[in-house]
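Think of it as A, B, C and D in the order they're written, each chain with its own count starting at 1.
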Amino acid sequence: MKTIYLDNAASTKMDDAAIEVMTNFMRNDYAVASSQFSHRPGILVKDALENSRLTVAKAIGAKEDEIVFTSGGTEANNLALFGTAKAFAGKRNHLITTKIEHVSVKDSAAELSGNGIKVTYLDVNNEGFIDLDQLNDAIDDDKTFLVSVQFANQEVGTVQNVAEIGKICRSHNVLFHTDSALSFPSIPLDVRKLNIDLATFSAHKMYGPKGAGALYIRNKTPIKKIMMGGFNEFNLRGGTENVPAIVGFAESIRRFDKKDVEKVQDLRNKLWTSINKSIEDVHINGPADFSKRLAGNLNCSFDRVEGESIVLHLDMNGIAVITGSACFSRSLEPSYVMMSLGFSHERAHSSVRYSFSKFNNEDEIEPVSEATKKVIERLRQISPVKKAI
Amino acid sequence: MKTIYLDNAASTKMDDAAIEVMTNFMRNDYAVASSQFSHRPGILVKDALENSRLTVAKAIGAKEDEIVFTSGGTEANNLALFGTAKAFAGKRNHLITTKIEHVSVKDSAAELSGNGIKVTYLDVNNEGFIDLDQLNDAIDDDKTFLVSVQFANQEVGTVQNVAEIGKICRSHNVLFHTDSALSFPSIPLDVRKLNIDLATFSAHKMYGPKGAGALYIRNKTPIKKIMMGGFNEFNLRGGTENVPAIVGFAESIRRFDKKDVEKVQDLRNKLWTSINKSIEDVHINGPADFSKRLAGNLNCSFDRVEGESIVLHLDMNGIAVITGSACFSRSLEPSYVMMSLGFSHERAHSSVRYSFSKFNNEDEIEPVSEATKKVIERLRQISPVKKAI
Amino acid sequence: MPIPYSNKVIDHFLKPHNSGSIKDADAVATEGSPACGDMVKLYLKVDKKTKKIDDIKFESYGCASNIATASIITDIAKGKTIEEAKKVTWKAADELLGGLPPVKIHCAVLAVDSLHAAIENYEQSHGLVKNPKTTTKEIVLSRLKHVINPLTGFNVIKADLINDVVINNGIVTVYTKLAGDHQFAANIKEEIIERIEPLWDVKKVEVKFDD
Amino acid sequence: MPIPYSNKVIDHFLKPHNSGSIKDADAVATEGSPACGDMVKLYLKVDKKTKKIDDIKFESYGCASNIATASIITDIAKGKTIEEAKKVTWKAADELLGGLPPVKIHCAVLAVDSLHAAIENYEQSHGLVKNPKTTTKEIVLSRLKHVINPLTGFNVIKADLINDVVINNGIVTVYTKLAGDHQFAANIKEEIIERIEPLWDVKKVEVKFDD
């Protein structure tokens, strides 16, 4: 049975070109990226590292020395939050973030909160948007050291108004970090125009490899390293650079094609149209205006049925999706994102996320829609819940 | 010109088998390792992750749930030091380590030192060995939370008496961490027999990929995570696991062959015999008794010549080695390891490290020895230093 | 085999036995709630003379573990007397299913609980309880711990949503702190009634909102 | 091209011009020390009448930048008068070499310094200094800042290794805090003499150890 993989928001299939570049690199360029006064093998790896850095920098309108490579988006988010908190220690102690950030921001904020940092968690409305006035009011010009708001949400696809958030932060002269792991490069990002001081990137969400991410750090941003071990990465991240993965990361950026975003958007729209037409009592989670959500994201709740059962049934049909149900998660808690949108536990438990990549195809839409329909029907038949809650 | 790569202590060439496993994995298993109640693609990746964990655990006599995968040796060392410091915060505040640790331990200790932790840096003798009595005396049964001593040194190859260090720590009931990134699996390690509580491993030092490492954490060891982002890795390391690299890491352990250690040892011995016979005024750095140093490590100083020039000349001959000279390093400081052994700056500046892997061959020995001889002769001719300092 | 469930579990999950409802059931019991992510409703038809379970059906809003367990325990219970059926344990179900993943045991327990609760309800409402206790405020509150507020996922006792319980001549009146136009008022009312009504000496249950 | 050096630098590094020593040199100067990782010794042979540099040679314990710069500045200086040679700058050398990596400039400066120092030594020891200053303790201490303790990498002034300097009738006596059997006593003594001896009014340099 061929798998229809619709969990691309978790991790995308890799570009063959990126795999090839990495494989060749692993085969031939096994030295550690070294100082320029080293041996040729080390210098060649260093050159590849710097070329990759240039690729990332150019793609977001940054300078080369503003890109710090990390082991992934999680480490980049950790560096953004802990690194600025360290730099402002004793001076500023207030962090602003939202209730629906990726766990790497959420858990970092919680850790800081347990260590004397005051954290404001901005509310979101029932489509996942923060209130810009609430943000503006929350900033304490003397105490706030960082505002961290994700570019787009991992579960419900909400794309925040980053341009306005950037302006507000700049007007208060407060650092602005955005986790753009999911949105970039599908949604282009110019760090200067958007007044971004720190931005997180993750290779494996954009057809690149796991093990590589980056944090954009605007020059002169007060930040201290969190990973110790040498002067690498402008003395902001110790440890041997994972250059094979970084080279694959850069390759995936080079291969990026805007047309793929349109394709992904189109597939998502078609699936929603089909599901919405054939299944009753289904609700979109996240922005109803699809222009305000991630191109590949569809998240909806099916009344009266439980998510894990839906996912397992679909999996038996070769369709890979996820749910916000507690039974599905490692924590056995329903999705905090769904709950933060003000929905009931049940709505969270009944939610399914379909997320697309350029490797999906139109002929996958009908099978997914039909399988979903059958599964929902079958589960509703045996459900004790007879009306929508 | 074919390169003779002798910088294997920095990073080894990868096993083809490990590259192949990784490439296939990247091609087919691109999902994120998920909870067991997820979709098949995610569960398959999770299974591969757990199989790899079992491989690492078995290789060191540990249990599966005692292995935490990290992005590499540096992160593992950071986790060991910061993680235990956090767990003992407010209770114990004394760390013991040595003067010749890898930068990731050295810099972590320095960072802790700047944050209220008292750090004792054990001296080493002129062969790089710590004094067990000094260690025993340094431990404060009430205040010491961790003893971190590397298994073997990265520059001069000194293999510490880990068994005795483990016994001493156990007798004081103090945690013992050893950075075995360079020694394992060449030097086998049984965490129970050696009384090790935490041990660091790095894939790319053992024919595996960059981007994967592990920290062995004995069950019930007080430790807190440092990388936030979900409950992964027994809630001790957040972030998407780099499973392709972890799978390559496990493969490199499976491919390990004791005979390769003998080969590497033999090559190193032959090169030293040849250099020592043909070049005057050369001194071994690290243990003179080769049974007490890493199999593949040769580090020697050539009187009256400067390291960067030696390395550059050898590089022109296609031979990749490194030196402890300041001119070579990123920090423009001579090797702190060499200095800690009590040698002069000059001896550090004149040092060259040749490090071997199983991919080196006997027919490389004479060319390296002869090239070294010629280079040293030429540089001595133009040296203003006429006698050994 | 990537899936953490045995073939037996998957069989019951894909084609559950005894699923559905019984219109003129002699007893019904619900355990869990959609808010908790798992809910089972169990229907019993019992032969009045033999006390044998003539028919049994379940409905599940739940995960595979929950559905499969409900499926297999209804198989086991069918045809047994209620006394025999009381002895059905989640361990027996777990064994017959070839073992459930440890973290999923609670979903199986929920299904077994619904069988036990339905039998108890049957006994209560059919005068089969030996030395029956008079329903007290304490007994009512204890039963209300199984009623969940879908919004928070907490039960109404923990969530402090009950103002008072008054028992008068077999009529139980539950005073809640919820407004009558609360999003889940109807749901919670229904669940409260279902919980309290089967008690042997309860004639009627009234739920009052705080308007 | 992975190597950070220009082809010109590599050419001079691999085949340095004017390397070696001059036995009966008219002036010698050493800059740096093996302890610093870079050391250049420069030898001059000067025509007494024309003041032209007849011969110039260098020895280097140093990196490629150091060797190449020494090589090219000796090329430039050869045949020039000492007045002309004084004007040789590291910038000129850097330009001729096609540009050195920024962090390597200090190694180039060291080589140029050795040329300037050798010329100054020549002038001092050949009575060419106009309005020469009488050598004072201050002047001696200032020159001793270029003498490095190989063990620590610090110069003897910074390392506080000098007890006193006494100048008497052209005889300079340097009292050090080092023991005579110190590992590097002989080295340090030699360097001190080389530094102080060229001064025009110094007849002899004595170095005393703290025994």
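What we mean here is this: contacts are C-beta pairs under 8 Å (C-beta built on N, C-alpha and C of every residue); 3 or more make two chains touch, one makes a residue touch a chain.
Predicted model, so just to flag it, every value in this text is computed and none were measured.
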Shortest chain-hopping distance from chain C out to chain D: 2
Each chain counted as touching chain B and chain D at once: A
Centroid comparison with chain B (C-alpha atoms), farthest chain: C
Whole-Å gap between the CA centroids of chain A and chain B: 33
Rounded Å distance between chain B and chain C, as computed from the means of their C-alpha atoms: 59
Averaged-CA centre spacing for the pair chain C and chain A, given as whole angstrom: 41
Set of chain D residues in contact with two or more other chains: 3, 63, 104
Per-residue multi-chain contacts in chain A, two or more chains: 37, 40, 308, 312, 315, 327
Chain-level touch network, classified as line, ring, star, complete or other: other
Chain-to-chain touches, reported pairwise for every pair that qualifies: A-B, A-C, A-D, B-C, B-D
Interfacial residue positions of chain D with respect to chain B in the complex: 3, 10, 13-14, 16, 19-21, 30, 34-41, 58-64, 67, 103-104, 107, 150-153, 183-184, 187
Of chain C, residues touching chain B in the complex: 2-4, 63, 101, 104
Sites on chain B touched by chain D in the complex: 304-309, 312-313, 315-316, 325-327, 332, 334, 344-346, 349-350, 381-385, 389
For the chain B and chain A complex, residues of the former touching the latter: 3, 5, 7, 10-14, 16, 19, 22-23, 26-27, 30-32, 34-35, 37-42, 71-75, 77-78, 102-104, 107-108, 110-111, 204, 209-212, 226-232, 238-245, 308, 311-312, 314-315, 319-322, 327-331
Complex contacts: residues of chain A adjacent to chain D: 36-37, 40, 43-44, 47
